[in-house]
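Presented sequentially are two complexes of chain A, the first with chain B as partner and the second with chain C.
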Partner chain A sequence: MGRYWLTLRRFWGTALAGQLEYQLNVLIDLLAMAANLAGSLFILSLFFIPADGSAAGADAVRRLGGWSWEEALVVQGVYTLLDGAASTWLRPNLGAIVTHVREGTLDFVLLKPIDSQFWLSSRTLAPAGLSEMALGVGLILWAAPRAGAQLQPVALAVAALMLLAGLVILYSLWFLLAASSIWFVKTWNATEVLRAALTAGRFPVSAYPPGLRLLLTLVLPVAFLTTVPAEAILGRATPTLVGAALVMALVSFSLSRAFWRFALRYYTSASS
Partner chain B sequence: MLSRRRPWAVARALLGNQYALMLEYRAEIALWALSGSLPFIMLALWSEAPAGAALGLGPEGLDRYFLSAFLVRQFSVVWVVFAFEEDALLGRLSPYLLQPLHPLWRYLAAHLAEQLTRLPFAAAIVAVFFAVNPAAFWLPHPGRFVLAWMATLLAFGIAFLLQSLIAALCFWSEKASALERLLFVPFLFFSGLLAPLAAFPPAVRAAALWTPFPYLIDFPARLLAGLPVPLAAGFGAQLAWIALLLPLVLLLWRAGVRRYTAMGA
Partner chain C sequence: MIQVERLCKTYRVAAKQPGLAGTLRHFVNRRSREVSAVRELSFRLEPGEMVGFLGANGAGKTTTLKMLCGLIHPSSGLVRVAGYEPQRRQRAFLEQITLVMGQKQQLIWDLPPLDSLRVNAAVYGLGDAEAQRRITELAEMLELGEELTRPVRKLSLGQRMKAELLAALLHRPSVLFLDEPTLGLDVNAQARVRSFLADYNRRTGATVLLTSHYMADITALCPRVLLIHQGALFHDGALDALAARLAPCRQVRLELAKPAAPEALAPYGELESCEGQAVRLLVPRERLTTVVAELLARFEVLDLEVSDPPIEELIGGLFQQAAVPC
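Now for the complex of A and B:
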C-alpha cells in the first residue's frame, strides 16, 4: 500500500511540474471553464424565467422536474465538480491507453511490478481541471444553504459518500470504454459519445420523460452521478437510495476490474 | 495556373480523393455523428418543462426544431483548426504551400467529403427519431427545404471561416487550437443548439443576434422545421458575416505565410 502511495505522489508531482510549463494554456483553460459554467447557468435559468420577461408573481416561480432554482443549482454544482474530476484525472490518463495499445508501449506497463490498472488510471494529472472542481464546490456551498439544506455532520458524511460513489461509477464507465480499445484501437471517439450522454447529468433526472429517466438510472447511471449526491447534500437521501448508489458503485468498479483482466487476455501487442 | 485553368478537374480530384480517405474513417465518423446527440437531451428537457410549453411552438414544433438543430449541426461541424495545426506542426504544410492551390481548398474539400460520409449515419438517426416519435414526422415544403439547405451551407461557410481565422493564428502560436475552445463556448450557448433563441430573455436575444452564432444553428433549423422566420434578415446577416470574414481570413493567411518557416528548421 505504501508503495502505491509513494508512486502516486511521484506521478502527480511530475505532472504538475510539467503542466506549469504551459502557463498561457492554463489561463485559456481557466477562462473557457468559467465561461462554460456561466453559459450553463444561463441555459438552466431559461427553465425558470418566462421568456416574455414577465417576472415575479407567485405563479412565475417555475420548477424543473420538481426542483427549485437553488436545488437545481446544487445538481449543476455536482456536475461541475465531477466534470472537473474527469478532466483532471480521467481524460488524460484513460486517453493515453489508446496510444499505449496502438504503439505497443502497453508492454512496458504490463511488465512493471505494480497493478497495471492502477498505473494506467493514475499516471498523470491535468491541473487545469482542479479549478473547475473548485468552482463546483463553490457553487454547491453557495446554493445548498439557500435551498434549505442543513449541513450537519451526518448529512455531510452521507453526501461525501454519495459523491465518492458517483466518482467511482464515472471512473468505471470511462475505464470500460478505454479498456475496449484493446480490441478496437480506434474507439477513442466513443468517449466523446459518453461525454455527450453524460451531459444529461447537468439536470435533475426527474426533469426527463419517464422512459428516459429509467434509462438514465439503470442503463447509463447518470442519476447516481449527480442527482443522488445532490439529494444527499439537500438531506433528502433515503437509506434505499444510499444503498442503491453504493451497490451500483461496487458493481461497476468490480466490473471494470474484471473487464480489464478479460481484455488483457486478448492483448497481443502492436504489429503482430 | 492549374487551379484557374481547370477548376472543375481540380475540384473533382480533390473531392474524390478526400471522400475515399474519409470512407476509411467511417466508424469514427459514425461515432462523431452519435456524439452530436446533445439537442435530443435538451429536447427531452424542454418537452417536459413548463417553460417549453410557454414557447408557443407546440410539442411537434419543439420536436422538429431540435431534430433540425441536430441535422444542421451535423452538416456544419468544422475541424479545420485541428487538421491545420497538426499539418503545421508535422511539417506537412510545406508541400501544400508549394502547390498552385490555396491550402484552404484542400481543407474545404475534406470537410465536404466528411459530410458526405456522415450523411447515411445522420439519416439513420433521423429514421430512429421518427420511429420513436412518429407524431413529429413532417416533410418540409420543397422550396423551404432548398432554402434550409442553402442556409446550412452558409452556416457551414461562416463556421469554416471563423475557424480558419483561428487556424491562421497557428502561424504565430503553436497552440492556437486552445483559442478554439474559447470560441466554442459562446457558440454552444448562443447558437440555439441547447435552447431555441425564442426562449432567451429579449435583451439577451437582441445581443445574440449581433453575433454570428444564431445564424449557425437557430436560423437554418427554424427554416427546416417550418417555423416562422425572417428570411431576408437571416440570409442577409449570413452573407454579411461571410463578406466580413472572408477578406480577414485571406489577409491574415497571407501575412502568416510570410512568417512561416517550416517546423524543425
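Now for the complex of A and C:
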C-alpha cells in the first residue's frame, strides 16, 4: 500500500508541475469554467421565472419536478462539483488511455510492477477543475440551508457517502468506455457522449418525463450522480435509496475492473 | 536466463480487398486469414550474455521481444525469462526486466527527466536515498548532468535517449530488451549509447537482447547473433559464422599489369566486373587458395586483395530474396 501512496503523490506532484509550465492554459480553463456555470444557472433560472416575468426568488411559486429554486440549486451545485471532479481527475486520465493505445505507450504501463488500472486512472490531475469543485461546494453551502436542509453530522456523512458513490459510478462508466479503446481505437467520441448525457444531471431527475426518468436512473445512472446526493444533502434520502446507490457504485466499479482485465487479455493476445 | 522453445505466434488478420466494393464485401462477409509472425523459434540465453537480434522489418523481432516481456501471449511454445512465465506479468518478474523502445518514450514530455525518474522510483518501491544513489551512478555512466533538470522537450534526441535508458534501468533489471535503442541518433550519440551498454553489461552482469538496424551496434556489442527470417530462426551463433553462412563466397580484387579478356578469367569464379586492368571476382571459400595460386601463376598480378562482402549488404540481399540463398 505504501508504494501506491507514494506513487500517487509523485503522480500528482509531477502533474501539477507539468500544468504550471503553461500558465495561460490555467487561466483560460478558469474563465471557461466560470462562463459555463453562469450559463447553466441562467438556464435553470428560466424554469423559475413566473409567468408575469418577475425575477426568480422568494416569491416564485413555480417548481421544477417538485423541487423549489433553492433545492434545484443544490442539484446544480452537486452537478458542478461532480463536473469539476471529472475535469480534474477523470478527463485527463481516462482520455489519455486512447493515446496510450494508439501510440503503443500502454506497453510501458503494462510493464510496471503496479496495477495498470491504478496507473491509468490516477496518473495526472488538471488543477483547473479544482476551482469548479470549490464553486460547486459553495453553491451547495449557500443553497442547502435556504432549502431547509439541516446540516447535521449524520446527514453530512450520508451526503458525502452519496457523493462518493456518484463519483465512483461516473468513474466506472467512463473507464469502461475508455477501456473499449483497445478494440475501437477512437473511443474519444463515446466519452464525449457520456459527458453530454451527464449534463442531464444538472436538473432533478423528477423534472424529466417518466420514460426518460427511468432511462436516467437505470441505464445511464445520472440520477445517482446528482439527484440522489442532493436528496441526501437535503436530508430526504431514504435507506433504500442510499442502499441502491451503494450497490450501484459497487457493481459498476467491479464491472470496470473485470472489463479491464478482459480487455487486457485481448490486447496482449492481439497487439503487435 | 532466457529460454524459448518452439515458440509460435499467429495473428488473425482481416482479408479485405481494396476499394469500396472490397470494403462492402468485407463488411457483409468477414473473412480472415492466419498470419504466422513467429514460427517454431527456439533459443537460450545464458546470464550475462549480450545477443544481437537481427531480421528485416516484419521478420518477427518485435513480436518475439513482446512475448519475452509478457506483452503478447504466445500462440504455442514455451517462454521462460529469469525463471518466470512472462505472460503472467508477476510483480517479481516485472521488477527484473526492462524494455527500451527506440521509437517510443516513457519520460514526461513537459518536465525534466528527474521528475519521471522520481515517479519510476516510487513505482519500483525505491527509497529516496537509494534512488538518488542509482541516479547519480547511472548519470555518470551516461554522461548526463544538468540535462536531467531540463524539460524533456528541450533535450536533443541523443540526450533524450540516454535519459530514457536511465529511466529504464533505475530498478536494476537483470534482463534488458532493447528494441532499436540507437534509432535516429547521430554517429557520436550511437557510439556513446553503445559504450554505455557494454559498460552496464560488464558492471551488472545483465543479460541483453538487442535489436538494431545499425550493424555497427551488433558488431561492437554482440559476440553472438540470432537472425530471424520470416518468423523462423535462420542463424544462431557468432557474427563471423553468420557471414560465412550468408556469403559462402569471398571477393577477390586484382590489379593486372595488362588487360585480360573476360573469357580468360571466367573459369576462376563469378566475374563481378572486369574493366581494363581492374578485376573483381567472387570465389567460393573452399576454392579460394587454389584459385589465388592459379591466378598468380597465370597472370602478371600487380595487386591482390581478398575480402568479405559487407554484412549489411549480405543481410539486405538475403531479405530481398524470398528464398534463403546458397
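Basically, the second predicted complex is superposed on the first by the 258 of 272 C-alpha atoms of A that agree within 3 Å, B and C clash if a C-alpha of one lies under 4 Å from a C-alpha of the other, contacts with A are read in each partner's own complex, and residues count from 1 in each chain.
Methods note: a contact is a pair of C-beta atoms (placed from the backbone, for glycine too) under 8 Å apart; a residue touches a chain by one contact, two chains touch by 3 or more.
Computed from a predicted structure; not experimentally measured.
K.L.:
Check whether A:Ala17 is in contact with chain B, with chain C, with both or with neither, and answer first, second, both or neither.
P.N.:
It touches chain C, and chain B stays clear.
K.L.:
Who does A:Val247 touch here: chain B (first), chain C (second), both, or neither?
P.N.:
Neither partner.
K.L.:
Is the number of chain A residues in contact higher for chain B or for chain C?
P.N.:
In the superposed model, B touches more residues of chain A.
K.L.:
Pick one for A:Thr199: touches chain B only (first), chain C only (second), both, or neither.
P.N.:
In the superposition, A:Thr199 touches chain B alone.
K.L.:
With the two complexes superposed on chain A, say which partner A:Leu214 touches: chain B (first), chain C (second), both, or neither.
P.N.:
neither
K.L.:
Tell me which partner A:Ala35 touches in the superposition: chain B (first), chain C (second), both or neither.
P.N.:
The first partner, chain B, only.
K.L.:
On the A-aligned overlay, A:Leu141 touches which partner chain: chain B = first, chain C = second, or both, or neither?
P.N.:
Neither partner.
K.L.:
Quick one: classify A:Leu151 as touching chain B (first), chain C (second), both or neither.
P.N.:
neither
K.L.:
Determine where on chain A the residues touched by chain B overlap those touched by chain C, and list them.
P.N.:
Overlap of chain B and chain C footprints on chain A: residues 22.
K.L.:
Contact residues on chain A for chain B in the complex?
P.N.:
22, 24-25, 28-29, 31-32, 35-36, 39-40, 42-43, 46-53, 62-65, 186-187, 189-190, 192-193, 195-197, 199-200, 203, 207-209, 212
K.L.:
Where on chain B does chain A make contact in their complex?
P.N.:
27-28, 31-32, 34-38, 41, 44-45, 47-51, 54-55, 175, 178-179, 181-182, 184-186, 188-189, 194-195, 198-202, 204
K.L.:
Where on chain A does chain C make contact in their complex?
P.N.:
2-3, 6-7, 9-11, 13-14, 17-18, 21-22, 103-105, 107-108, 110-114, 119, 265, 268-272
K.L.:
Going by the contact rule at the top, pick out the chain C residues touching chain A in the complex.
P.N.:
It is residues 11, 37, 62-63, 66, 69-73, 87, 89, 91-92, 94-95, 97-99, 101, 104-106, 108, 110-111, 115-116, 118-119, 121-125, 151 of chain C that touch chain A.
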